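Common to both upcoming complexes is chain A, partnered first by chain B, then by chain C.
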Partner chain A sequence: MPQIDPIAIRQGDRLALSRALTMIENNAPESRALQSALFPFTGHAHLIGVTGAPGAGKSTLVNQLAMGLRQGKEGQPAPKVAIIAVDPTSPFTGGALLGDRIRMGGLAGDKGIFIRSMASRGVLGGLASHTAAFVTILDSAGFDLIIIETIGAGQAEVGIASLAHTVVVVEAPGMGDDIQAIKAGILEIADIIVVNKADRLGAENTIRALRVMLEMAQGKSGAFDIKGKHGLDALLPTIKEKQKPQPGWIPPIHTTIATEGQGIAPLIEDILRHGEHLAHTGEWQQKEAARLRRDIQALIRNTLLDQWWQKQDENQFEEILADVLQRKYSPLEAVERLL
Partner chain B sequence: MTEKRIRVLIAKPGLDGHDRGAKVIARALMDAGMEVIYTGLRQTPEMIAEAALQEDVDVVGLSILSGAHNALVPAIIEKLHSSGLTNIKVFVGGIIPEPDIAGLLDLGVKAVYGPGTDTQTIIADIQHAMQRSSR
Partner chain C sequence: MPQIDPIAIRQGDRLALSRALTMIENNAPESRALQSALFPFTGHAHLIGVTGAPGAGKSTLVNQLAMGLRQGKEGQPAPKVAIIAVDPTSPFTGGALLGDRIRMGGLAGDKGIFIRSMASRGVLGGLASHTAAFVTILDSAGFDLIIIETIGAGQAEVGIASLAHTVVVVEAPGMGDDIQAIKAGILEIADIIVVNKADRLGAENTIRALRVMLEMAQGKSGAFDIKGKHGLDALLPTIKEKQKPQPGWIPPIHTTIATEGQGIAPLIEDILRHGEHLAHTGEWQQKEAARLRRDIQALIRNTLLDQWWQKQDENQFEEILADVLQRKYSPLEAVERLL
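The block that comes next holds the complex of A and B.
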């Protein structure tokens, strides 16, 4: 793969930007130097996660949010907005159908917008690290807001949402996914909750149910004793971080009709207000620190593993595996022999 | 450890009102392990080139039923090239009269598929075109 000039990316060369994202997705070794060259120019963008059940209207909402954000505030230049739209990779074929752009036609022709669809590719932990790397590139390219759309199912997805400074959880009436949402821990990570499709029957009920659950969750988190590192807690350290009381921030519930652009302006206001809240309370810095800590830890883990595999004799591994299969010794003892 | 996947943009330029065929192709390519970006109906040449650039696709598949292919395809290829996307492989499917096919191929279109083309043929052609260009 040809080299990409980091300066081209910082100067707004969209082709170079796009190619850089591909390099990252493909785990091309060249992407490492590029990320390192661009990292000093990051830290500026407001990362907004938009998550929720399939079909809740996330893409339609993101289209509206981006259009609204591009209006900017009076007397200020319009912010540049990037969108990362994640859809699942088929575990059977490795292929993916990435259809989020269908709903984002309103953004066509705007050079202040960059939309990239991304397949989850099912790599354990890979999705989160690719998304983080995407954010590095887009941030350094001068995008002021980066919106990340993911379905809120599965731990990897929740992990991505918590990469964001501001997490918007989208629900829709009558989808029966309220219990699901709680299970996935998704309400706990919400900074803002949106009940979309307010034109549909049952919107009132959904709002009421969410209110109750939210109050329960808030009441619970105070008394919740999170012990040790097991189960969900170990997998989702970010949820724990979120459960720390956020002084002065109670997740507001918004209602929208994304297809008609209704309720968008106040939602945008709250998203931006949340960003300011984080900056004022010092939480922005704390989140950055927590995120970078996780990034570095993940990199250490991956690097050590790679290094070990490179030195490891594959035959020896297979022999030991055969022994374990015959119950000669346990996987734990196998590791002791191998390391 | 490069892990390349074939990325395909399936687009419907022009004004024709349904996209069943395009969706069938999109689905088949996905089942063949490709990452397929689908953009919906009524895409202008500008929108197609923009999506192809942002998504960094290897292949653009155009589905055209309206008969406007002789106007649309050159305009799209021109936009792709002026965006710096000179390496992208363009395939066309839909209702294309026999006499028009040679003209489209001359523009650089890799292949033209009529209604009822076996999706396996299209998959094989895309994979073949990608292998040749990676050498």
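The block that comes next holds the complex of A and C.
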């Protein structure tokens, strides 16, 4: 694979960008040097994790967010927006491409938006490190906002979203019991909660359930805020009354109908407000430190294993495996022999 | 934590079993010796992975399977059945307990069935190794069939299911686009496919979609079989015609209505038939080898990292992290310094 000029990346050259991300996906050794060259120019982007159960309408919402964020604030230059769609179960790069094509609707031709799906099957354990590397490249290329979209239904995927500065958890009415379990798991990491498809039957029940789970997850009662213009506010007067000014961030609950663009503007406002809150309280730096710590630890784990395999006698490993298969000793004892 | 007598486990003492599994969940060092002591008595159980998208009705289906498998074959002793429910997103042990309580309906009081939910948040990377350890314990305790139920919506979770001898992928009609992507990812590992909730609107579409995806995933056309008594057979004459005898296993598509117990008996028949197929072709041994290989590799990875951390100077790590935060050098360069 030919070298990629870091300067082309920093200038936002889209072909160079695409090639750099492919290099990372392929675990090309050259990508390491590129990342190191670009790393000093990172730390600017606001990372927004968007996660939620399958069927909640995440992709549509993310498209709407990207278009909305791209508008920027009056009198300021339009921010550049990147989307990384982490699809852990797509087996085909074709699937990823299809996803991109579907997304193109409102976003096609806008040079200030960059979309990349990560077809990630077969890179067990590599999802998180690839996402981190993607962020490095896109951040250094001057993207102001990077949306990381993951299916919030697996431990690894929830973990990736939780690395963002701002985590948006998307729900939708009318999902089953399994979904409840997922909700409970990801609500803990939510900075903002969205009930999408808010015109659907059961939206009120979803909000009620979210309220209870959020109270459990946050370990405090009444510590949230509900926003939306879909007739749902009126249903929840007791919650609104309970609101008290608190020092920390209170995860607001938004209602949206992403397919119609409803509820997007106030959601964007809160996403940006959360970014300002983090910067103001010093939590931005803390999150940054936690993210880099995890990046480094993941790199250490992979490097240690690589180094060990390189030194390992493959025949010895196979002999020991054969012994374990015959129940001569256990896997734990096998590892003691190998290390 | 007090020692657990391996003999009590082998005799199927339920209290000893529960405590052994808790020990594993807590990463108690004593659990290692226990696993090694019990490992020689494993290799007997038929491991059945049941995975599928949230909302497909997996838990109900698994309960029905357990009850049905427990009946056994005429003139033979009733087999013992264990269920390991891996719920990667449940944050509360309470959630796991709730799950167990819900399950109890038809299974309560049957000494030949053992159910355990694995509340697994916070054990990033430990899911697979804990599942493997659970299997060792339950296998040595004489359970003939061990059902491993996972949400098929994350890489780690799909990976766990794929370690079973027989992988059952559960779908349900009427799910969204995200689900399609998940389907594609897990169909590749399916030995048996179940369309549950087969009385729901859209069941025919689901089967049609499965047919296409299965053809892609299996890389061969017409290489499957559709079973069920819900009026769907008639819809798919062309598929039935395409069936040809093939040397390998042809993943059958079953239709079930788990809540009513419909379609369970033929599904169980195929699960057992698949076990016999594996034994007959030698694939059982191959799968066993692959599973133990992965167990050993996971143990090596964890042990290497533990060993490294023990030798590591924590202050040095924090200093290097601070340098990275200030963009003095990249995470990759940090790892080079640390190792």
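Keep this in mind: the second predicted complex is superposed on the first by the 287 of 339 C-alpha atoms of A that agree within 3 Å, B and C clash if a C-alpha of one lies under 4 Å from a C-alpha of the other, contacts with A are read in each partner's own complex, and residues count from 1 in each chain.
We adopt the following convention: a contact is a pair of C-beta atoms (placed from the backbone, for glycine too) under 8 Å apart; a residue touches a chain by one contact, two chains touch by 3 or more.
Since we're looking at a predicted model, the values are computed, not measured.
**Q** Look at A:327 in the shared chain and tell me whether it touches chain B only, chain C only, both, or neither; answer first, second, both or neither.
**A** second
**Q** Applying the document's definition of touch, where does A:277 land relative to chain B and chain C: first, second, both, or neither?
**A** After superposing on A, A:277 lies clear of both chain B and chain C.
**Q** Per the contact definition in the header, classify A:21: touching chain B only (first), chain C only (second), both, or neither.
**A** First partner only.
**Q** Quick one: name whichever of chain B and chain C touches more residues of chain A.
**A** Looking at chain A, the partner in contact with more of its residues is C.
**Q** Figure out whether A:287 sits in contact with chain B (first) or chain C (second), or with both, or with neither.
**A** A:287: touches no partner chain.
**Q** Would you check which partner chain A:165 touches, where first means chain B only, second means chain C only, and both and neither mean what they say?
**A** In the superposition, A:165 touches no partner, neither chain B nor chain C.
**Q** Could you tell me if A:55 is touching chain B, chain C, both of them or neither one (first, second, both, neither)?
**A** second
**Q** After overlaying the two complexes on chain A, where does the chain B footprint on chain A coincide with the chain C footprint?
**A** The overlap between the chain B and chain C interfaces on chain A comprises residues 89-90, 95, 99, 121.
**Q** Which positions of chain A touch chain B when the two form their complex?
**A** Residues 1, 14-15, 18-19, 21-22, 25-29, 89-90, 93-99, 101-102, 105, 108-109, 114-117, 119, 121.
**Q** Okay, in this complex, where on chain B does chain A touch?
**A** Within the complex, chain B touches chain A at residues 1-5, 7, 26-27, 29-40, 44, 46-47, 50-51, 53-56, 83-85.
**Q** Tell me, which parts of chain C touch chain A in their complex?
**A** 32, 35-36, 39-40, 42-43, 53-59, 87-92, 95, 99, 120-121, 124-125, 127, 132, 136, 151-159, 175-179, 181-182, 184-186, 188, 216-217, 285, 288-289, 292-293, 295-296, 299-301, 303-305, 307-308, 320-321, 324-325, 327, 329-335, 338-339
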